[in-house]
Each structure stands twice: as structure tokens, then as C-alpha cells.
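You will see chain A twice below: alongside chain B first, and alongside chain C after that.
Then we have the complex of A and B:
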């Protein structure tokens, strides 16, 4: 089948049935439910341990109120991590390359933090718009800049994830194509390109994990400011 | 379910049975009084109800106050009661449901009622990381050891040559990610598995430690108890020793006093002896002095002169003798 470079970014449809739902629900099938047994198998033990460790680390800077978000943030992290990692497999569709999904995750969560902050501690939340120790002349300008910075956060969150993943996938495609095309023509260059592809894949694995973590970390930071 | 719960359950059961029996007997006695056929209402009525029994019109005319009456229809009442008692027996209280599933303990058996086999401890065996061992076992009788490999190579060749799978840039990407994945699994697999096993082992070790601690403390308690029992047995020996001590003290005291008495008596007797000796000595001295005095006084002057002259002649003779010895 002839693949163009942007086929992987199109939301998959099969006989008119949108498969995006299945693509988004797929990570849920990969993680076993914790069993009622006292000692579980290796996969479950590791899963439990890693989720516990991660949640503990993430919630360290948050106060008691912020701990209510533990389930949401942990599940978001696992969701994004699995989507990103599964997207590295060939012929797969990565939902997180779609700006709609990422903005759909970022805007409501960011807005929730802002509303919580404005509702419970409005002065404290508004106080973040002016850093300490600014000279009096700069105050109006700084307020405007900080407000823009606040309002750009959801866009930044969504676009960061989308851009990183899309760029990574596209780079893999391009370098793989280069390697594939160069193989009959200049084999040595093709071998070098394949080595580059290998390194790039390593990078992409790292980026997949880091981007998911950064998304959740930034959300927890926004929460910490406001809760 | 522990014995307490079982006893409680049986108690409740007997209570409910009693209740049911009571209600049934109540109705039986009611039936005796009324002896009614429940399907058709009252037939024979007790005297108190006879007023109401003989038809509506007569009853209405009989009653001066003009109150209307109704036929009793207990046909549905008793059946209602039976239904009520049966359901109350089954789902009564907190133990009603537990009575039915009394045989399943919570944490040591699977919770399903079907005979489910126990879960395996380790996953199924795989060859080359993906292909289950069962495929090789399946093909072994017919094609031997190389059968599955031939199948795999043939399948791959078929797919590639018929262009069911076209090699394109995604193949390279797949090879790349496959290499990364296999490298990761081979390098970090054993350590991660060991880590997971260690987590479980730590859990078991903690529980085991608690159990061992409890066991050692209980064993220690048993030892201490035995020692205390042994000590209690030695009570009589202790008392014997004490009794011996006391007897020895008494004996010592008695002997001391005996010695003291003996010494005192001896002292007094010694005094008497000394007194007697003194007497004798004084008498002796007195006699001696008296004899001396009398002898001295009996010496006359004549005797004194004679004795002195004799002494002088004796002395002269002696001097002569010595002189003669000296010159000789």
C-alpha cells in the first residue's frame, strides 16, 4: 500500500466506523486490574509499585486539597504514556498527535485549576499575576504580560504535546524513507542513515515518556498555584 | 465462618422457627375456636361473633347503632403470613445471606461458585520471546523440530513475494523500534524481573518476620513459664532449708549458753579451790614460823657458847687441813 507521510496522522476510519474510539480505549486493555490476592504476579507488582511511586512523587509539592487530583493526574499520565509509546510502533495511529485531543485534555484541566483558584482564594490567585519585587513603573505592563502568560498555558500544553509527537513521528518517517530509498543506491550512506534512525528512535522513546510527564507535571504545578 | 457466627446463625434460625411455630399455633387455636374453612369464610362462629354472622341484613337490623359489618376473609391473610415468615427467615439480619455461602472463606479461596482451577504461578512458556511453546509441541509429531521454523519462513516469504506486505519506509522504522525494544528487554529484563520478585519477597519477609517474632516471643513465654513452674516446685526445698537454718540457729544458741553456764560454774569452783589453797598455805606458813620461833627461843646462851666454840675448833682444824693440803 502506498503510504504518504501524513496517512499516520489521519483519524482512522474503517467502513465508515471511526476507529479513534478504539485507539483511545486501547491503553486501558493493557493494564491488568489489581487482584484481591496478597501476592500478585510480576506485571501487577510492577504496575502497582510504579503507579504508587509516581503518584507519591507527583503529589509531594501539593497540599491536602491538591491530593484530590491524585487519581486524575495518575491516570492521565498512564494514558498519555501508553498512547505515546504505542504510537512508536509501525502502522499505528497516535491519538496524541491530534491537536483536538490534546487541547481537549489541556483546556478543561487548566480551566479547572484557574476556576478553583479564583473561587477559593481569588486574591492569592490574582497575586500570581505580579511577581514580587517589581519596580512600580513596570506593574501595568507586567500584569498584562502575566495575564497573557496565564491564558496561553492551555494552548502551550496542548500544542507542546502535539508538536513534539508529530515532529518526532514525521522525522522517523522521513529518515526511514531516506534510508529505504538510499539502500539500493548508496548502501553505506543507507547504513549510516539507519544508524541515525536507531538513535532517533531512542530519542523518540525518551520524548514520548518525557512529554507525557511534562504535561502532567505542568498541570500539577498549575494546581499547586491555585489550590 | 468462625464458630461464634455459626452459633449465632443457628440461634437466629431457631428463634425464627419458634416464631413461625408460635404464629402457626396461634392460628391453629384460632381455627379451633372458630373452626373455619379458610376458603369460604366463617362457617361456625363463636358466640361473640354470632351477632355479625347471620347475614348482612340481619346483622344490620340487629345492631342498634347501625354499624355495618364485613365478612372476615382470612384466606389471604394466612398465606400472606406464610410468605412474610419465609422471606424473613431467608434474608433476616446480617447473616441471612451469609448462611447460604457459609462454605467460602474470604481470602483463601476463589470467590466464584464454579469449580475454577487455580491460577498459574508463571506465564506460559514462549520461544524467542513471542511464539508460544504450544505451537512447537503441536507441530512436533508431524514435522519434527524444524517444522515451525519452516512454517514461519514460508509464511514470511509468501507474504513478501505476493506483496501482501510491501516493504516500505515503515519497515525500517519497525526494524528500528524492534531493535530498541529487544535491546531494552534483553538488557533490563532480568533486573526488572528480579526487582519485582524482590518487592514480593520483601512483603513475604515482613509478614514472616512478624510471624517469627510472635513465635519466638511465645516460645520465650513458654520457657519463662516452665522456669516459673520449676521455681514453684522448689518451694518445699526452700522451706526445708529455712527450717534447717532456724534449727541450726537454735542449736548454736543453746550451745553458746551451755558453754557460758559451764564457764561460770568452773569459775566459781576455781574460786573455792583457790580459797582452800590459800587457807592451807597460810596454815603452813604460820606453823613454820611458829616452829622457827620456838626453836630460836629454845636455844640457851650456854648452848650458843658451846656451839660457837665448837665452830671455832672446827674451823681451826679445817684451816690446818687445808694448809697441810696446800703445802703437800
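Then we have the complex of A and C:
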């Protein structure tokens, strides 16, 4: 029955605890605290190096004020990256397929950038609503359009992440079911479908990383406009 | 090897004899602080044995992830068992 394909997105309960709780708590255990030793273990070295590189790259276009957001953006990136990648393991649950979680991350952070802009530099923040060089006749319409585009940003952020991950997981389940059912009937087609499944899984790994990055990048862009 | 007799509660689990299991369980610290400190000690033991070593490999994290997959399967078993019994998917 077609409805059962969406069952993978319902978090099951076990002894009263939903699986989503364990899925969200897990990334915290995978990243150890940096130690004070001069030479730490391999995991810590790798972790420190990659987080430093990433934060340095992300904060390049931001001014001094924006650097205060470094810890938040870096931890958001690590969180989303781990949640997405861990969801690709068998039998696991991906919390980022739930719109509630993504909107819960997107709306407060976007709202924070808007409020910061409106409080500290209101003229500059409002100036973004009208691009330079527009003909005078178009000004009213363009302001309305830009306001709508501003208000739609948090919804776009949340829905983009949800839709990408949900679609990916759904595709994997559909193609896997097809190849499994076809195996006794038409083995050649089943082998081709399995090859397709393999390629799709590679795509999903890429999408998992890219979507996390896009989320954080767009947030840093919104911050850049307003801070 | 007759050392001083150690109280049952303080022995490690592998040293406790089967008959003493009840006493051992009864004497353990089940307060929230006790549970948290037990989790922390377990975490530290795993971390220092497999990850915080000079030439740690992928195995340290791989065991964690495998345990996570197993735990997720256990969590979802009630939901998944219907897929095995179903004729049409």
C-alpha cells in the first residue's frame, strides 16, 4: 500500500521514549571535547582542523560584528551535517526530515538577523528592500515583492532542508523495494535497479552534506546583510 | 590468591558470582547522580580505550555507529515486523 512508504518518517516509541530523542542526542557523543594536550588523538586533530577551516571560510565575508556568530554557525553546521549523514545508516531515523525541527531552527535564527538589522542599522536594513537603479514607476511593486521575499526566507530555509532529505529517503526506499521485489521475477532488471540504488545512495550522501552547508551559508548571508 | 575479602557491591560486574547478583544490584547507586556518573565513567572508559590513543583507527567510531544501528533496529522492531509479514508492500 502506498501509504506505508511514509511510515519511515514517524518516530517510533520504545519504553515511552521516541527514537527522535536518541537520534538528536547522538551527534553530541561523536565529537569529543578538545583537550589541553599539545598532541591529541587523531579524531580530535581531524575535528579541530576541519572545524577551524570551515569557520574560517564561512566568516570571510562577515565583518567584525558578524564574528560573534562563529560558534553558533559552526555548531549548527556540525549538527545538521551529523544528523543528515547518520540518517543514511540502516534503520536509523533522520530528525531533519521533520518540518517542525527545521522550522524550529530556521525561524528563530532568521528572525534574529532581521531584528539585529532593524535595531542597529534600520535605514540600511530597510534599504535592502529596494535594489539600486530601479525605474521610479516600479518602486511600489518592487518593495512589496522584496518584502514578501524577505518574509518567505525562513519558510524556504526550513522547507528546503525537509523536502530534500524526505525526497531522498523516499526515493531510496522506493527503489530498494522495487529491486527487492523484482529479484525473483527479472534478475537482470533487479541488478540494474541495484546499481541505480548504489548511485542514488552516493547522491544522498552528497545531498546530506550540501543541504547542511546551504542552510548555514544562507544564514550567514542574511547575517551579512543585517549586521 | 587469598587477598582481603572485598565487599560484593564494590566488585566489577564480571567478578560477581551468579548467586551474588541480587546483592550486587541492590547495592548499586540508582540515583540520578549515580546514573549520570556511571554513564560518564562508561564513556570515559570507551573513549580512553578506543579513541584517545596514539594511532586510533576507524574502529572506535565504527563500533559506536554499529551500536547505534543495532539500537535503532531494536527501537523500531515493533514497527518493522509488519513489513516482514506483509504480502504486498
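Everything below uses one rule, namely that the second predicted complex is superposed on the first by the 222 of 227 C-alpha atoms of A that agree within 3 Å, B and C clash if a C-alpha of one lies under 4 Å from a C-alpha of the other, contacts with A are read in each partner's own complex, and residues count from 1 in each chain.
Simple rule for what comes next: a contact is a pair of C-beta atoms (placed from the backbone, for glycine too) under 8 Å apart; a residue touches a chain by one contact, two chains touch by 3 or more.
These numbers come from a predicted model, not from an experiment.
Judged by the touch definition given at the top, the superposed model places A:42 against both chain B and chain C. When the two complexes are overlaid on their common chain A, residue A:12 makes contact with chain C while staying clear of chain B. By the touch criterion stated above, A:192 is placed in contact with neither chain B nor chain C. When the shared chain is aligned, chain B and chain C each come close enough to touch A:177.
When both complexes are overlaid on chain A, the residue A:152 reaches neither chain B nor chain C. Shared-chain residue A:26: touches chain C; no touch with chain B.
In the superposition on chain A, A:130 makes contact with neither chain B nor chain C.
By the document's definition of touching, both partners, chain B and chain C, reach A:91. When the two complexes are overlaid on their common chain A, residue A:167 makes contact with neither chain B nor chain C.
Once the two complexes are overlaid on chain A, the chain A residues touched by chain B in the first and by chain C in the second are 1, 40-43, 89-91, 177. Looking at the complex, you find that chain B touches chain A at residues 107, 111, 121, 123, 166-174, 176-177, 179-180, 192-193, 195-197, 199-200, 203-204. Residues 43, 47, 51-56, 60-61, 64-65, 68-69, 71-76, 78-80, 83, 86, 88-89 of chain C are the ones touching chain A in the complex.
Within the complex formed with chain B, the residues of chain A that make contact are 1, 3, 36, 38-43, 45-46, 49, 88-91, 172-173, 176-177, 179-180, 194, 197-198, 200-202, 205. Chain A makes touch with chain C in their complex at residues 1, 4, 7, 10, 12, 14, 19, 22-23, 26, 29-30, 32, 40-43, 86, 89-93, 177, 181.
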